[in-house]
Structure formats: structure tokens, C-alpha cells
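Let me begin by handing over the structure; questions about it come next.
Lettered A, B, C and D in written order, each chain numbered from 1.
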Amino acid sequence: MQKVKVIGAGGYGGVGIVELLLNHPEFEISCLVAKTETGMLISELYPHLKGFCDLPILTPDAPEAQEAFDAVFCSTPDRVGMNIAENELAKGAHVVDYSGDFRFTTEDKYSAYANFIGLNPEHAAPSLLPQTIYGLSELHEITPDQKLAGNPGCFAVSCILGLAPAAASNLVAPKSVICDCKTGVSGAGKKPSPTFHYPARYEQVNAYKLAGHQHMVEIEQELSALAGETIQITMTTQVVPTCRGILSCLYGDLNSTMTASEVLDLYQAFYADKPFVRVLDNKTVIGTAQVSGTNFCNLIVDVDERNNRLRIISHIDNLMKGQAGNALQNMNLMFGLDPMTGLNFPGRCP
Amino acid sequence: MQKVKVIGAGGYGGVGIVELLLNHPEFEISCLVAKTETGMLISELYPHLKGFCDLPILTPDAPEAQEAFDAVFCSTPDRVGMNIAENELAKGAHVVDYSGDFRFTTEDKYSAYANFIGLNPEHAAPSLLPQTIYGLSELHEITPDQKLAGNPGCFAVSCILGLAPAAASNLVAPKSVICDCKTGVSGAGKKPSPTFHYPARYEQVNAYKLAGHQHMVEIEQELSALAGETIQITMTTQVVPTCRGILSCLYGDLNSTMTASEVLDLYQAFYADKPFVRVLDNKTVIGTAQVSGTNFCNLIVDVDERNNRLRIISHIDNLMKGQAGNALQNMNLMFGLDPMTGLNFPGRCP
Amino acid sequence: MQKVKVIGAGGYGGVGIVELLLNHPEFEISCLVAKTETGMLISELYPHLKGFCDLPILTPDAPEAQEAFDAVFCSTPDRVGMNIAENELAKGAHVVDYSGDFRFTTEDKYSAYANFIGLNPEHAAPSLLPQTIYGLSELHEITPDQKLAGNPGCFAVSCILGLAPAAASNLVAPKSVICDCKTGVSGAGKKPSPTFHYPARYEQVNAYKLAGHQHMVEIEQELSALAGETIQITMTTQVVPTCRGILSCLYGDLNSTMTASEVLDLYQAFYADKPFVRVLDNKTVIGTAQVSGTNFCNLIVDVDERNNRLRIISHIDNLMKGQAGNALQNMNLMFGLDPMTGLNFPGRCP
Amino acid sequence: MQKVKVIGAGGYGGVGIVELLLNHPEFEISCLVAKTETGMLISELYPHLKGFCDLPILTPDAPEAQEAFDAVFCSTPDRVGMNIAENELAKGAHVVDYSGDFRFTTEDKYSAYANFIGLNPEHAAPSLLPQTIYGLSELHEITPDQKLAGNPGCFAVSCILGLAPAAASNLVAPKSVICDCKTGVSGAGKKPSPTFHYPARYEQVNAYKLAGHQHMVEIEQELSALAGETIQITMTTQVVPTCRGILSCLYGDLNSTMTASEVLDLYQAFYADKPFVRVLDNKTVIGTAQVSGTNFCNLIVDVDERNNRLRIISHIDNLMKGQAGNALQNMNLMFGLDPMTGLNFPGRCP
């Protein structure tokens, strides 16, 4: 069994990977670290884990946390992982970081991202950037040689998977792309705030960050790389009162006349051997509930033929394919395992 | 007091107008008619009305329902009002119909609508079409001379109000318009179905009617009329698990470079004397909850300046400005009253 | 118009009374005071009020807040109103306080309450206690002579109204009473916390404060006074994931054999002239939704005849009859107005 | 692998057992049968199963459904399983039935139950009654000799597990027991109805079946058997707007003075070797979310020491320990497997 450390274990990203690892045949949770709620057992913070994982939450500098681990998940905010990764890598770990720290492979790209969201534009571990990878294995091959990966943002997963085949085949005009994205509230994390206080959120749907969501940068990076030209999107992020789930409606003006059926074929070919992406036609009746609790991305492929406009409806669970599930998929690949290991389940209904 | 009959009293549109009329200084509920649940008191069907309105629900052919009324609301499905209106008008009533029956002023336009949604394309009362009006008084002047009005569809209200100033000033390319619309579940009406069964809907967000929602026809009619050119939209309707509320994100490619501030000025001028439309800048933090239970439409005006794309976030309560509230606003005007009569309240929070 | 000051205007109890007063024919909102969010307009904090109430939220010591007002609502936590009331009364105001400060008419009773919930047992304004009244006008006559009232706790309203007729007629064994109470989340107020963070609350029902909820003290005080003997209850408070609404199941062992019908008669007689209490038989199909947004208390009266046990299902809106609505009812009476003034509406559905 | 047939596969109880069996090392889903939605693939009806279980839903008389199976789950309404079981048993299957058909071991007991809920009191397969067992293995030993079991009702599981230790030790007065039970909406099954239509249920909490819920009969049967005396309860069933989860507050007058701690010890001893029951003290902060998606029953043990009254808060997932999970636990035991096989997971959070 590979020994795993989770940093940031107390948040939704942390408990999410803990839940998945409990059921994993090759990984074993060995160490939980966080900055808050230290000293508690994880099963005191999350009582559903009682009897399944009763490890204490350690401070980052606890002696037990300094050991060498085989795999390290950094479920931490921006600019935390970049100060941790080097040391963990040196001790031999494979590292998957959930933040923006390792989603960009050059200092320039990182600076552009950091500036966009008002962070310090200087990366703290620039020497690591050449060896990181954007952790979306449907687009980037991840092998055991890979020691470090930047797990994508949740909205980014839904948009990139939804538009990658179109971008790769230059189907749409590069400045015509619109991403209209709706997320459940868990995307905002565990920390209470007036916006996500239950009575305030109950009957509420709203758009936010009109000036630009941080995931826009990586969406444009990935789509532009696939297209070989600059794709510049309009992105509207919205919150709906579910717990989990992202539904993104993705639009783009088709460069030539295409039917929904032609685009469907192209999408199905693109994802033919990607087990977590289901490509579905525009008659399919599904929503976010049909991916809840799973690592799947369900794509409905459509064309508004009156206007010759591509329309993709992309569905993921923001905490799974949008976070912990995708992180485990990456780690599986970094250990040479089948990507579905520990992730091969359909969720539940209702 | 003007005597009011409500046809289709048992549905959400019916109980909605009943609630509003209870508090109205000039209208008095005199007769409730429906096809189902007849014989019950409305307060047995909707127990919150006990002591406020205890009238029976009559069958359409009950003798008491044949009297002359001053105002008649047809909260009925397509092709019901068209068979009722003539008789009610003949008895001297003003009629507001909630369906598509009187939203189109020529037989051709009606046929196009009916064909689009698979209805019989022949209107049953074509002689009334020249005298009806599209009942959105922010765009069409409604006076006491008006005897008949077709109340708009709920999505249509949110999209048309959101795009009317842009259309009227030809701000956007006519085939670039996208309406990405999310509604609460009450928009589907009172009748149970598997899709809206509570456990199935609980953690569910989904797109539906990709092939074209019926409200698209009237949106294109109204915007094209304002623009003096054909505006042809892409519309995506979605259901989110709230009870009430529509949030529509509206996009269009600006014909010339404009700032958000310039567009804001234009919108504020357009709606300067329209009491139910609030035009707000792109820093405003609101959502559907801030119009819940009210007749207001809140518009956030924005431009994605990187892509020179107009973006409007339109918020209404689908059962109020999207249905019964707007119907009362129309009837107020048809009786020469202030449009806000009986509608001048802010809703509640939380 | 009577001039009204609201202290604690920024919380749910504050905005609730503001909403009600907007629609009141005799009261006019003149001054809003709070400790936080001062300087903002109330319509910035609660954007649905825009155009309806755009007064600033003042600090308690702002000069404009020192004027004399006719009516003062203290929507403040325990031990705030007791330091404010004397001064407001001296300036001629009628005062309704929402906290426990004026629910008890002697220092001893206050101390018992304060000790029960771990507060300083010494009242800061003991001289006012003889002139206060427990502000539940269904049990206590409130007239214009009354200058000060302590508005009851939300759970207390639901339990006391549900059990008062039984207590007054000594129907049940005094130690057999169980109050099993469920509240929506708005009962916890506006302040965010991990417990009421949306994702944590979404699919959650839980019991809390098993050791004793603070409202137990006043329930026992009121029921014991009616019964002329000590009634000592078991109370279980629970949170369910609605925004508003309290449903309390109230049980007691009947002292003599009674049918549901006999108890129903007794309850209907008790509340015959109380406009906000509806007494309903055990066939009635209602829930908390049927009182949402209203000042009504709906009581279903039942007897488990197999076990000769009284069972009452009591329904209120915790923010209305359980808070602001009841406070306005009290203030109406303190000004000699009909208690229903500004409160005579049925709510909405759905 | 044991071959499994699921009868009633299209309902929540059917899809629930399908989901569990997908992950089971010894059972294999071989045949799905239902009366409605036949001809569809289960993964068309429940799209989250796509790629996991794509079997067709057969009519009961389809040839493939007549084969011999090792295990049969009857997720069917009352009076269906009793007409099926004999044939399945004859073909060598072990049968677990979800309805009331096999919860009673004599014709008289069945008749009493059937009369209570208005069914035909005559059992259709009386010869099977002596060999059935009430399928709650925490109370009844289930071994491979057992061929037939009646899976308990969901409310019954929560109440019986919560009160069994008290009954077995005669802690409480037999007519003092009150079960105040709240369930999520999925307990009502998959069939749409006005009561469970999303907008009607959204902000709704209500009590129902005051005259007596059908699960009362088996609760009294089981508790009385443990106590050796007749325990006659008052039961109030309520619906809260969650999807899953039952929280039952259970009360009884203690026969002698006991502390919460003493009762806790007694409960912990009673359930010492029962892996799915967690006995927790009255300081524990949990709710239904902490058992959601799992087969656990979490019991908070408390005594209202002022009134010497036992109070137990019992939490289950109504579709798991209250239905499919418990059914699988029974079937595991009937095949000599560890009861936790395929059920040993903690659920997810949030």
C-alpha cells in the first residue's frame, strides 16, 4: 500500500479525498494535516467517518507529518502548495496540488494568472514549473514519470472538457465562445459567509465575479493550446442552491455549417477511450444529479442549427471530477494504476 | 369595486392573482372558475386563503359564472382563452389571457407560433387578433381603450426586458443573441410529474427543450420589432431547484465598442419612467431572491469589454412579473389605474 | 402617523418589522439603528427594499437616533433592551423588546431564566419589570396603557398557543407534557456559522440543545400560570432545512378520557375571538407552508384515543407570529389599533 | 457469484439494491423485473447507471425471469411478495421482501396489521408465515437456514433500534412511549403526487397519518416481544423537505430514576457487537446527514433528568438502513457472509 498524506484535510477537498481513499486498493491514508481544527480527529470534524478514519488532524510541522509519504494531496488555497511541494518531492512523494500554483508551466503564465486574480505574481518555486502538468488527463498524458500535477479548477474542468473537441478541430470562432456556468454551493468551500448562510441562499440564484472568475485563465490556456490560436471567452459564473454539481452551457459560433449529429460524432471520437467522459446526444434527459457523487463528466452535444451555433451542456460533480475525484484519477496515473481505480462507481439516486 | 372573474383559479397563475386581488383597492374577486377541483372552496385547495377567500371553484358553465364581470383573468393553457374571450368581451369585460392565444396580433404570427410548438395553427377567434396587445406595458402603451391583452410568457418577460433597450438602439448583431435562462420549478405549474417530484428535483439542475422553448417566438417578435430587423436568438432553458425565480443571462455582440457605463446610461434612460424595472450596475450584488414575491425586474447591465460583448443579468419572479403580477399590472392600466396599484411592495427577506 | 424607531434593524427581526411597517397605515419608519453595518442604507443591506425604505442604519448614539419616537422596537439580543428601554420610555415611546429581557415580571423570575441560559442573573432595569407584560396578547390583554412588552420566543409562541387551552382547563398531567419542536434555519438569525452553512445544512435534520432551550422557561411560566400548578415540560428543539416555519408536536397525558372532538370544541371556544389562531380538526391537511409569511398560528387538535393522550400540531412562521409579526400585533394594541392592522394577509403559495 | 433477481426494480427500493449490488463481491445482478417501465434499460430510467448496469427491465412473466436465482429481492408493495415468494423459494432462492407481507409470523398478526391499514386481512401464503423472520438482524439472528425474511419499515427501523434496549430492560412505562418521526421525501417513493410536487414541498413541514402509520404495528410487536409486556405507542409521522433521512425522537417515562450516563452504558452494552448501530452520548453533534447514503443507525442517548424521561434521537437513511441497505444486510446473513459485505462505507460529506 502506498502511504498518503493529505494537506488541508479539514476542508471539502480534504474530506473528499479521504472518503475516496478509504475505498482504494493501493493507497492508504497515513497522515492528515491542516492549519485549523488541529488536534481533533477527522472523525470528530466529520462524524460520518467514525470508525472509518479516526486519524488526528496534525499541524503542518508535527513530527509525524515530516515523514516521507508516497503520495501527497495538497488541498490548499493558492500559494500554499508552492511552498510545500519541493520538500515533499525531495522526500520522494508524488504531489497533486488543488490550487492554481501548479496549473501553469512557466513563470510568465503563472504571473498572468496571479495578476488576473490579484495575487503576488512571483511564483515561490519557479524551478518546479517545468516539471508540473495541468492535471486533466483527458488532454494531457500523465504517467508514473510525472511527480507533480496541478489539479484543475472545477469550472475549468466542466468548460475545458466541454469545448476541447471543438477547439482541437477549430470548429468555432475563437472570440465567440461563451461559458455560462452554474455551480452548487459546495464550490465555495467549507468556510461560512453571509452569502452562503442557509436562509440567504435558500431561494437564491445569482451571478457573481462578472469581472472575471479565476478559472477563466486556465480555460483560455487549455483551449488556445488545443486550437493553436487564442481563444478568448466570456464567462459567467452563477450559484444555484444545490450542494454539489456544475452545469455549464457552452456556446460558440461554428466556422462552417454543421449538424448536431456531425458534432456528436466528432466528440464521441475525441473521447472514445476516456472512461470518465460520456458524450450524449441532444435528446438525452439528464442533469447534474446524474453525475452527483461520481467522477464522470456528462456532455450533451447540440447545435442550434438556425444560428449555426455549437451548444454543449457539460455536467460534473464539482467536488469529484471538479476536485477530489479528478485528483485521485491523476494520482492513479502517476502510480501507473488504472485511472478508474477507486473511482468506478455510479453514485446514487435519488 | 370592479367585479373580477378568474378562470383557471386552481393553478398557480390563478391562486397568484387571487392573492394579489385580496389586497387591491379597486378589484374584488367575484367568481372563480376551473375545470378541476370544482366544488371545493379555493381555501380548501389553498388553505392559506382560509378566511380571506372562501369562494367555491365553479365549473365554467355554472350559472353564477355566466354573469357579466368587469375584469376576467384567463389563467388557462393555450387554446382555452381563445374560445372564451369573445363572450366575455361581449358582456363588457376587460380580459387578460395568460397563454399564447393573444400574444400575436395576426393569424400568420399566431400560426407560426402554433406550428413551432405543435399546436393547431388555426386561431379559433381570429377576429379578436387585431384588438389584442402583447401585454408588456414597458414596451406597449396600455390604456382603458384596450379590452384584451395577451400576458407574456415568464421567460419572455425576463429576456425581452433585458434586451429591449439594446434592440431598440441596435446595439448588438442580430444573430449574436444568446438567452441562457434558469427558472425555479413553479414555472412548470401545479401538476405533478416525475421530473418535478421532490426527490428527483432535489439536487438537480438541467437544461431542457433544447430544440426550442415556446417563449422564443415572442422574444424574437418583440425584439425584432424594436430593432427593425430580424433578431434570431439561441435560447437555453434550465430548471434549478428553487420554487420561484428566473435568472436570465443575455449576451450579444456589440456592433460598436461600448463600455458598461455607456450601456448602463442607455438602459437607465430607456426605463426611466418604468416603475417595475430597476437598472443596476455590474457591481450590484443581487440574485433572484431580491425580487421574490414582487413584480420587479432587476437588470444588471454589463459589458465584457475584452470581447466587446453585452451581458445583461435579468431577474424576475416567474409567478409575479412573469405571470400574475404582470397580469394585474395590465389590468390596472386597462382600468386607468396606476400600474403599481396592489403591486407596490418589496417582498420579504429571508 | 406614529414615528417608529427600530433598534437592531440589520437582523432578520429588524428587516421583518421594516417590511411590515412599510405597509402599515398608522406607523411610519423614522429611524433605524444597529451596531453593525452602520452607515449603509438598509436598502443596500437588503436590496429588495430599494425604493421602499432607503434610510441609513445609524449607530445607537447618532444624534438623529436620540429624538423622541412614538414606538420603539428592540430587535436586539438579551441584555441590550434592558439598557435602552428606560430612556425610550422616558421620551414617551411605547417599547416592544424581542429578547428575554422583558418576558419576566419579577427579578426572581428573570434570574431563574438568566441562570438557566448562563447569563448574568441581575436585571439591569429591575424597576421596569412590574410594568412589562409577556407579549402574547392571546393570553394577556394588552391596552394603550401598556408602555412596555416583552415579545415571546418563537418556539414559545408555538408551544404556548398550542397548549394554553389544555393548561387552562387542566386537561393534562402537569409532568407529562412533551414539546417536540422543529424550526427552519432563519430562527438562528442572520449571522453565518458552520452549522448553518448551506452545504452543511442542505440534507440535514438535527436535534440540538438537549440540555434545555432558553424558551423552555417562559413556556413553563405561562402554562403553569394558566394551570395554577407547575407544568414541567420535556422540550426537544430541532432544525430542518427550510428557511421559515416552526412545527411543534405537543403531547400530554389526558387526566380524563376525552375524544378529539371534545378537545377540539374546547380549543375552538378558547380561541373564538382570537383572529390569528386557527383551530383545526385532525383531518386537516396543512403544514408550515400554509402559515409562511403570515402572523397566523394554525393548530391541529388531536387525541391519540388508544393512549388517551392529547396531541396538538402547532404551526407558525417563526419570523412572523414567532417574532416581527407578533411584535407588531403587540404594538397595534398598545396604540389602541385593531391587532390585525398591517397583518391581515394570507401569505402566498407556492 | 450468486445470481440475484430484483423485483420492483424501477422504484427507489429497486434502484437502491441495484446500486449496492454493483459493488458487492459475492452477488451479481442477473435479472430486473417490474410492472412499469418494462422494456427500458434500467440505465435509461436511471441514467447514472449507464455503463454500470444496462440490463433491461423485464415483465414478471418474461421467460428470462422464470429461471432459478440464488437471491430474490421483492421491492414491491404490500400483497405482491406473498404471491411470488413460494415459487421463488421452490426454485431455491433466498427471498427478502420489503413490504409488510412477511413481517408477521402468524395469520392473526398479519390480519391485525392488514386490518389496521385497510388491506385484505387474509394472507395469500399463510404456509410461509412460520418460516419468515422479521428482518432486523440486530434483534433476530439470521442464518443461512433462513430462506425468507420480511424487511422492516423505515420508520420501524429507526424506532425499534432506538427503543429496543429500553424495552428489553423494561426501563420505561409501557404506555408512555412516544415516537415523533420525521422523514425525508424519498420515503414516499418514486410516484409523483401533489403532496410531493417540488413547489408544494419546498418550504413545507407537515405531520400526516395522525390516525396511525402502518409501521406502528410492527414497532409495537417488536418492542412488546422484547419487553414481555404490551407496549402501546403514540406515533407522529412528519415529512421534512430533505431527500433522505429519518430522525426519530423517542420518549418514555423511566420506571426508576436513571441518569443519561447509566442508560448510555446499557445501550452500548446492548449494541456492543452490532456493527451498524452507533451509540452516542448526548453531547454528540450530529444529524441525519451523518448517516446519509449509509447503512448506519446513529443513536443519541439522553435522559431528561428533570422529568426522569428517556429521550433517544435515532438517525438513519430511510433508503439504506431503512430499506435497501438493511435488505442487503439480511441477504448477506442468509448466505453466511459478513453482514457488512458491500455495506462498509461511510457516505460522503457534504
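The definition used in the following text is that a residue touches a chain if its C-beta (ideal position, glycine included) is under 8 Å from a C-beta of that chain, and two chains touch if they have at least 3 such contacts.
None of the values given here were measured: they were computed from a predicted structure.
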Notebook entry, point to check: Given the pairs B-C, A-D or B-D, which one repeats the contacts seen at A-C for over half of the pairs?
Noted result: B-D
Next item on the list: Tell me which chain's centre, taken as the mean of its C-alpha atoms, is farthest from chain A.
Entry: C
Next item on the list: Would you mind pulling out the distance in Å between where the CA atoms of chain B average out and where those of chain C do?
Entry: 37
Margin query: Suppose each chain is reduced to the average of its Cα coordinates; what separation in Å results between chain A and chain B?
Written below: 39
Next item on the list: Give the residues of chain C that touch two or more other chains, as numbers and ranges in rising order.
Entry: 12, 184, 186, 199-200, 202-203, 241-244, 285-286, 289, 292, 350
Next item on the list: Name, in rising order, each residue of chain C that touches chain D in their complex.
Entry: 175, 178, 180, 182, 184, 199-200, 202-208, 210-211, 232-234, 236, 238-245, 247, 249, 251, 282, 285-289, 292, 300, 302, 304, 306-307, 309, 311, 313, 350
Margin query: Per the contact definition, I'd like the list of chain C residues that touch chain A in the complex.
Written below: 12, 184-186, 190-194, 196-203, 241-243
Next item on the list: Provide the residue numbers of chain B that touch chain C in the complex, in ascending order.
Entry: 12, 15-16, 19, 22-23, 46-53, 186, 243-244, 278, 284-286, 289-294, 319, 345-350
